[in-house]
């Protein structure tokens, strides 16, 4: 319900604007006894941090996270969660509020400016205030903790399309993802993107992207029928990321074009005495519940709205005007959306892991009929 | 949080299995004083009801809804809501449980069977139990009430793709939607679908579809930044419908291929002294908040999993087997998903209307800066 | 949040008015695999049912409960919960709406009439509509299920004061509770109440009562610091029962008069190697978390507001008037509040049992420090 | 649901331990456009702050609050809320962790120590960690904002009993409350308390108290039937304050001893053409909904558990031991509970004000029947 809280049992509440003194996050519901250091969280934050290549905003935000509460030494040389709320804080340092003085009254097309004024009658125009992507740093921090809650869970992501240019899925290599500034698993396409995005950037334009995030090691049985479906929560989580306009699970929109025979993920008993799916059109989720297969989701990110090309707009006083959004912006916000998408997926799965434990207990393995 | 509740202030809780005595719904949070009759709800239910053409399941479910509570005569010849929970009930009548005896132990590919057993260790195999699309009748009923909450709101939907065959958007005519059994706004394509789907049905196969739902008259300001985004809730609502694998808002996945210039919905002051958007790539939502433009969403429905073609699978005892899903099934469940999608969109908007009213008051109109 | 839902993970949603066709309840979040029959629920309902002695209302409500969903045969001769929502229905049968015609416009002192009109501008005056104690039948039904969720849990209750007359706690005998129409554990006082309440009834008056409910077998560790305190939820649950004006835990208001030395529940290691509390001033809860001692709560019920003595009031049109509430009313509603209080306590504990399991896992036993 | 969040639409989430670097609070759902300064919040915090007389703990906590987000200058010389989450922080400064070294392993009677270990298997023994009353500073801060949300709302509180010594209600004078260190409205009794509490303090003992909080200017219609009752939420809010063991509304437990005639709050039309209650046994709430009368609640605070008198206990390793709780403690924690109780009452009323506005709109005034 809360406007700034995500999750039900693993609850993430964020606060702070990009141009206030700090942003923060309260993580409530984390189980006790989990080893946790600020350094671990920092590792994930650094993946999202701007200013790491010429393809992301040149703002310098060290994004140094502090753990304010909920963790203490356990007397055995480890810092562990205590089960009480984990408070996280990141100080804001590289703000240039004057960059925004021109757009205090004019509505930038594609931004939330107009909608905020329509809702609240007031908005923090400095850096977008609450609508700034800066808030997503806290999502990544929360995701770093979520990853530790489900035993054996591995969450990874990759950029699979930039502008109209999709990767070659046959060339997918997870190792490549960290070898280029695009989180791109296709080395050849990454090379192409470099030149392509340089052109976009120099022309003061921007492009969109599609990101794929996957979760391996998700135990079967997470999620629930009807309104607590695992995929419904993933859809909500990914759609809540800034600039996202579409979400799909498994074959997604492609499934609409398939026949029932082709779409069916058939099964056979495996050599290890466990059931085996022969394909994964479903993206690891059936009836809203995980099957134990890899969970696969994709989301579309629109092109950055802040561009140097002048656009027609109006101001809050009712005058026509043209606007150019200066400042330091990502030519493709989809790139930094990769670790954010991973974090959201990890948070949803951690939440459902706890929800499942509440109603049913620890996830079972095959055979399901225990007696 | 609740597994069977949807919405925060306009709350829909459903219960019942397809093969139990009845299905029901509790609608909590509805404002008092709204005129409401069972007949109005029935009108919407009849749009979803099976057995109306040879293209939907031949089960005969009259789906007669009764209002059990929350409505009373207001002494002026009208039945109105009282502000207390509205209980709705539909008796189940045309059940043939024996149709399902063969699949009590075997996992139907593409169904929730395997996932339910993995989660609960028990499942109601008769008609899919809780995973049956029958539950969606209650969504449609709730949506009929939701439509009455936001003054001036109009929610409509249409099937825009069946199998790989998309409609011609230039041929879109809302009046056509009720002239064919597919909710298709393109008369020519509707004719084509007739023959096409007959072939699919006769071969014992099935196909997927894409549905578009739109809401006109949504006041600006509904939704909220971060985790109560209007589009995040729409994504969750649509993804929670049976068989849905993808959701998009406005240009959706298409936005990824655009440049920032092309994607920007520019503005100018209109002749009526109000701001005017010159395009609607955003689908009526910016920063998670409605702008007053038409809200546009699409969702992909996978092909019906219940098909007459035999598929390979396993049973709950660990044996390989083949399965044919008899019974009476829709060759394209996407068709009946149209009124369901409309209902979910209406529920989300009604919910956000109440949420907005809580925090801010009644939605404002231009100019936003009141003093 | 929901106005008609109680609990977080064990969620009870009720609907229906006393003079509509039926009342109902949806129980969401119940674990799967729990044996459950309508007969078991009926046993609890019969304890609350009116018309069983001359000391309760003479309305005849058979209160026959039907299970509409969420339970099915498990193939081993048992009906068990499936993990999906349990729908319960009770038809209303002995309504005499005309008894209420006189009070359609006048506000009965002590009733919710005035407040309902102030809130909704409309109210169901027949039998109090939603404010009728009839709704509590559904609480008792839900409580019957809640009792089965926590292994070893025993919840009992007793009337410990009627009007100004408190029982003699030294005479407490649980076996007596079922031997008199007052749920009174003090046989001598029960005899006294008989004559006393006869006098109250014959004079057209009414009296209040104090009820004590206790839960044995509550594992240590349920509840949580700050806002999910076990005692805060018990307070809310009991205060939500019709006519309740006060709630206390353990020594309650008496604790205010104690010194720190006297109030401290000291500890010693017991002969069984487990810690032992030497007293229970705290009522089994410290810092909002159960200690493993018996949980003890008391609540005060005001006298029935429906009395035959005329009272001064006004009507909804602004005229002074006098009112006598005819109909068939309990001279002491506190009596039937005993099974209701038990049910609410059981629901809170079941809810916290599931919440604990979500965050921490199954409750531990001594020693707490596992390694 | 969340363990550390209070409220539904006006949501207060707190975090931080007494011996960590800081405590904080996120206030979500606050309406936009409300003038707010840190100084206003500080005024309320200073009323709760320790070390102001010899009757409260001698810890020196300046409790300086900072607003981290959610407030900005509105261009007219005022700082106002923006509708986004308000982050509040207070640094911890006067910690003496070594005071607690002795009790790291032993369970202090009356404290949450044992319960925390039973729940989490780990606890922050320094200053009680999360169970410390220090958390309540954030409640007072949130309450300072809540007070500004409902137009015309005045919330006040007073200590009405210390140990066994109740005030003389005939001597009640609100002006006296600020003239003594006890928030006592009876000047004579305040004088008596001074000597009395000195004796308690010097003997290393402690005593309990009863606090009364009242809210004037509550519009009729706040709250809702069944589980969103205004009094049920007040009960939960007050019971969630550290050391509280009982809560009552209006006549509370005293109502149990009344007859229906005596308890009825009769009505007559007033000279101003509005209905008038002739008494207020109900404490301003009927059927869970406010009537427009003053809302009255009382709560009982147990004696401080930290005392210098040795008590018998056990440690976490299973050994018997005796314990003396050194450190700097309040001889009567009930005193500082007065502003905390006020804050909680204000938060509940603000929350229900927003909830009412969501479902019904702005509260109405007489006559209720608008047409």
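Going by the order they are written in, the chains are A, B, C and D; count residues from 1 in each one.
Please note the rule applied: a contact is a pair of C-beta atoms (placed from the backbone, for glycine too) under 8 Å apart; a residue touches a chain by one contact, two chains touch by 3 or more.
Worth saying up front: this structure is predicted, and the values here are computed from it rather than measured.
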Next on the checklist: Looking only at C-beta pairs that count as contacts, which pair of chains has more of them, A-D or C-D?
Outcome noted: C-D
Checklist entry - So which chain is farthest from chain B, going by the mean of the CA atoms in each chain? => result D
Item to check | Averaged-CA centre spacing for the pair chain C and chain A, given as whole angstrom | outcome: 45
Checklist entry - Roughly how many whole angstrom separate the Cα centroids of chain C and chain D? => result 26
Checklist entry - Any idea how many Å lie between the Cα centroids of chain A and chain D? => result 38
Checklist outcome for this item: Expected list for chain D, residues touching two or more other chains, is 1-5, 8-9, 14, 29, 32, 83-84, 119-121, 130, 225, 359-360
Checklist outcome for this item: The residues of chain C that touch chain B in their complex are 1-5, 8-9, 11, 13-17, 20-24, 26, 28-29, 32-33, 66, 68-70, 72, 74, 80, 82-87, 119-124, 129-130
Checklist outcome for this item: chain C contacts chain D in the complex at 1-6, 8-9, 14, 107, 109-121, 130-131, 135, 161, 163-164, 200, 205-210, 220-229, 231-240, 242, 245-269, 273, 275, 278, 281-283, 285-292, 300-307, 309, 311-314, 316-320, 334, 355-356, 359-360, 363-364, 366-370
Checklist entry - Along chain C, where are the residues that touch chain A in the complex? => result 1, 9, 29-32, 83-84, 225, 354-355, 357-362
